[in-house]
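Here is the structure we will look at.
Note that the chains take the letters A, B, C and D in the order they are written out, and that residue 1 is the start of every chain.
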Amino acid sequence: MNKKTLFESLQQQGITRRGFMKYCTALTSLMALPPSMIPMVANALETAKRPSVIWLSFQECTGCAESLLRSHSPTVEGLIFDHISLDYQHTLQVAAGDAAEHAREQAMKEHHGKYLVVVDGSIPLADPGYSTIAGISNLDMLNETIEGAAAVVAVGTCSAFGGLPQAAPNPTGAVSVSSLVKDKPVINVPGCPPIPTVITGVLAHYLTFGSIPELDNLGRPKVFYGQSIHDRCYRRPFYDKGLFAETFDDEGAKKGWCLYRLGCKGPMTYNACATLKWNQQTSWPVESGHGCLGCSEPNFWDAGSFYKALSIPDGDYAKAAGYAVAAGVAVGAAAGFANQKNKANAVSQHTKVTVDDFGENKDK
Amino acid sequence: MNDTLNITKGINALKEQIDAPTAAFFSSCVHCGLCAEACLFYTETNDPKYTPINKVEPLKRVWESEYTLFGRLKKALGLAKPVTDELLAEWEPLIYDGCTLCGRCSMVCPVGNDISTMIRKVREGMVASDHVPEGLVGASTRAVKIGSPMGIRLKALQAQIKHIERDTGLKIPIDVEGADYMALLSSMEIINFPEYIESLAKIFKQANVSWTLSSEAFEATNSGIQIGSSDIARELVQRIVDGAEKLKVKYVISPECGHAFTAIRWDGPNLIGKSYSFKVVHILELLDELQQSGRLKTQGMEDKKLTFHDPCQIVRKGGVEAQPRRLLSQVASQFVEMSDPGKMNWCCGGGGGVSANERADDVRLKAFNRKKSQLEEINVEVLVTACANCRLILEEGLEENNMDMPVVGLSELISEHLLEENAVEGERDE
Amino acid sequence: MISDSLADINVHVENLHHDFETGNLHSILSEIKFALEQLLQHKKTHSIDLRAMPWSPGEEKKLEQYLGKGEIQIEMDALGKSHFYESKYSGIWIVTHYNPEGEVIGKLIEISYMPDMIFTREEDVKDSLERLQQL
Amino acid sequence: MELFSNANDFLLWVRGDAFNIALGLFIIGVLVRILEIFLLGRKKDFSEARGTQWGPGLRNIVSRSVVDNGTFKRAPFVVVVGYIWHICFFIVLFLFIPHIELINALLGIQWPGLASQLVDAATVVAMVSLVAMLWHRLTHPVLKFLSTYEDYVVWFVTFLPLLTGYMAFHRMIDPYPLALGLHILSVELLMVIFPFTKLMHAFTLFIARWYTGAMMGRKGIVS
């Protein structure tokens, strides 16, 4: 296996020092680090070793892998993939059947304690038969593979939080990686799919610094998930001014006003779409005129309509209110009539007061 | 009587009193404390216990534990605050000594609670549980047994009439069947201010009003209203109704007395449970009407600086506000209003039975400071009012505070300025 | 023909009135001013990653227009083109890195006397000498 | 206590089941209280009316919002802070766009909102006025005397939504779903205690004002 550093491997490709610095600049930007960190990144990369990566796909749609790999041309992300050793990815690898599984087993043996496991997709617990690879249940394969892993990267909302398979009624009993893996660091890179640069940014961080980035309380790298869509949204000034689009084709929508009332989940969604954008920095959902769906948050499928404002409850409140009105009228009428009876009773028990009655108690 | 008054009957009476408005009022109170600022017993003593809404605490407890679901639940769990004999005993002075039922609190409550009507309701419970001041028991007993809270019998009235007839040469009609108007009198007018009767005779003669007194129903005051017993009040109102019906009059005139107007005009029909066959007018309403229609003509103007003290029951609770001002404008050139005039006027401190309750003398005199400072602000020479009780309380308060100022009844003032066709008698005797 | 990039897709964009600002323009300009002071006083250079901020459509262009073009433009060819130019305010450089396919992979504002990457490194000079001597 | 696995789970619950429960209790409670009032009824009034009831009753509903001069002079603090509190509270409750969306979803009616910065300012003023009123309640002899534990509970439960709303708006609680969840939960708490406390005045004051205005109007008194 190739044991060269990244710098050496780049030099071999005929890349100059200026080219390397340019690469480091792009990489620093990719990792959402400030430009002042470029020398540090360069320094780290000159000695960084090529890591082995095992990619496991469970209950998933391949959308996450597509997001990462469907870039039209080699990019910085591409360069990183050139450098890592992707030893197992059953969608991409040439080997099939036993050979493929051998590749995985071999990588695990060779790089024991040092390899990264990337998981996309959730793991079914209701019945292992819902998803198996080479006759091995997802759960068994996960447990087996992470045994010697340095860290696990849960790519996509399905592996990070359960995602679509876990949405009610969750027939497969799908769970996230982090709910199963307790003794290894798990980096959640949610999104449906995640922004490709975020996936590579996390890998770059591991590649560059040999450690995992700082995570938030949902296990997401803070550099990418530290701020909400709403906080970084270029339409935020309209929210503050109280200017909102009310339909997708009204004047407000044309003027690019805030999409809160159209159900934008930006305020509760933590992701980097507003800065990193999509499709080679072309645009992102809000810029294209559609509110954020909140796809990088837990339970986003079950969090009510995508088109209902965040402040609107998502239960069947109309039904609840209907029952309550009926119950309120019934109980209120019952209580009211009981009161009437109580009062009528008091009136019937009235004994006439005469002036002779006064002071009788005081005499006793 | 075997039935003694007790706490059970008291609570029962409170239960009888609670109606939809009461429930709405208790539901709405937010304890903002503004009613305290409207009550002269608080403003002049700074004692928070006189806060009007605090005075109705017994009624509130009964409402909560009897007429609300949550309150009944609390009562069932033993968490409700009970109404006890001790509570009512503690509250008795607040209800009778520290409230004149002036209704000022009901005007300022921001959520619109008619607190004074609720205090009136609490008195029913106080009566039924025998927590009433001695003075009011005495007055009520005399009213029921003798016919007047001050113990005045027909003979005393007849003596005064004789006296007036001799002095003025005017006839005071008694028991004239078919007269248009039957005039009522308050005991105080008979004893302390017989000028009122004289004024009526003069005015009605000039205006050519057909009127009479009733030998069976001349007393207008109603101690039952003051002590807060509908049963007693009903008995006293019934006497007037009987008297008026017997004489077949069209109108009954409520005299210059505050609570009498409330008793006969507003509460009476409800106490007897039916509408009257006659109408009730306050003397000021009648004088105003006579004057407006040109039947009552005056001459000359009182040129002393004077003001008008609105009796609470007549203005704030009776709706007679414009009439006294129109009348005064005809006979007084220097009429000035006190601060907070008309329906926002401050009580003299002696209404609602407080004047009949000797126990309340001290706090009543303190409460008078409000009137005192109101008068000091405008520096007048004469104080006009239209309630014999107010008049007595004002005179006493002024004397106590060494303020030398005559207090005059408005009807009397008018009668002094009647246009004298033959101009025989002098302007004034004094 | 298969299109190579999104730009090749013929999309008609309505003239939307997205001419508002996020307010980032102002904060960047004050950051630049502060960096210029630092450069003068302490010879400290500073870089701003323009891709780390949210921009409203057109806002980034506005910043470029505001800074204008100065006298110097430098082109570098390493792992794709890179374009350096000084704004009409001396000491403020706009740096754009492209990949071999011509897509932007990095965009920065550098506040320095000369962008760092332009300087030739001592090791590279030594390397050149070595290679020339071998000729 | 692992009630919720994450903040979104919590938010989902307060926006779902918890809201339905709170809304249900609120509606039932308010209806019961109002029916209890009306079903107690009034006795027929036999006295000869001098004026009508409906007009003066409705007039009083409006006119009682204006404080008489004497009361203002005697208790300027309660009057001024009372106005400020209610006005700012209504601005926050009814003119913040997310709140309008909620009302529109529940009742199908909507109106224009205010800029968030204005609502934010109103929130601060409302909170300051509430604190000032609490201080006044704790120091003024009449208010101290009148106040029961209920007054303080109601104060606290009213203050909470403002505080949590302010903190959510300014993202002072992390993550936002937790902040929003706490805000909604505090409102639900308010809704649940509403029918059992003096908060009912928000509905019953119209009834109280009407009755008093009507009773006085009948006597020809402008209340």
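Definition applied: a contact is a pair of C-beta atoms (placed from the backbone, for glycine too) under 8 Å apart; a residue touches a chain by one contact, two chains touch by 3 or more.
As the structure is a prediction and not an experimental result, all values here were calculated from the model.
Most remote chain with respect to chain A, judged by CA-atom centres, is B.
Every chain gets a centre from its CA atoms, and the centre nearest the mean of all protein CA atoms is that of D. Contact count check for A-B and A-C (C-beta pairs in contact): higher for A-C.
We define each chain's centre as the mean of its Cα atoms; on that basis chain A and chain B are separated by 76 Å. Between chain C and chain D the centroid-to-centroid distance comes to 56 Å (mean Cα coordinates, whole Å). The mean-CA centres of chain A and chain C are about 32 angstrom from one another, to the nearest whole unit. The geometric centre of chain B is 92 Å away from that of chain C, both derived from CA atoms. The set of chain A residues touching two or more other chains comprises 331, 335, 339, 343. Among all residues of chain D, those that touch two or more other chains are 32-33, 36, 38-41. Along chain C, no residue makes contact with two or more other chains. Here chain A touches chain D in the complex through residues 216-218, 228, 230-231, 239-242, 244, 260-261, 267-268, 270, 297-300, 302-304, 308-317, 320-321, 323-325, 327-329, 331-333, 335-337, 339-340, 343, going by the rule given at the top.
Within the complex, the chain A residues that touch chain C are 15-19, 21-23, 25-26, 28-29, 32, 34-36, 38, 72-76, 232-238, 254-256, 274-276, 279-282, 287. Contacts from chain C toward chain A in the complex involve residues 4-6, 14, 16-18, 20-23, 46-49, 51-57, 59, 76, 78-79, 82, 97, 99-101, 103-106, 108, 116-117, 121, 123-124. Contacts from chain B toward chain A in the complex involve residues 1, 3-6, 9, 12-13, 15-16, 18, 66-67, 69, 127-128, 130, 132, 137, 140-141, 144-145, 229, 231-232.
Chain D contributes residues 32-33, 36-43, 45-48, 50-51, 60-61, 64-65, 67-68, 70-71, 74-75, 78-79, 82, 140-148, 151, 195-196, 198, 200-201, 204-205, 207-213, 215-216, 219-223 to its touches with chain B in the complex.
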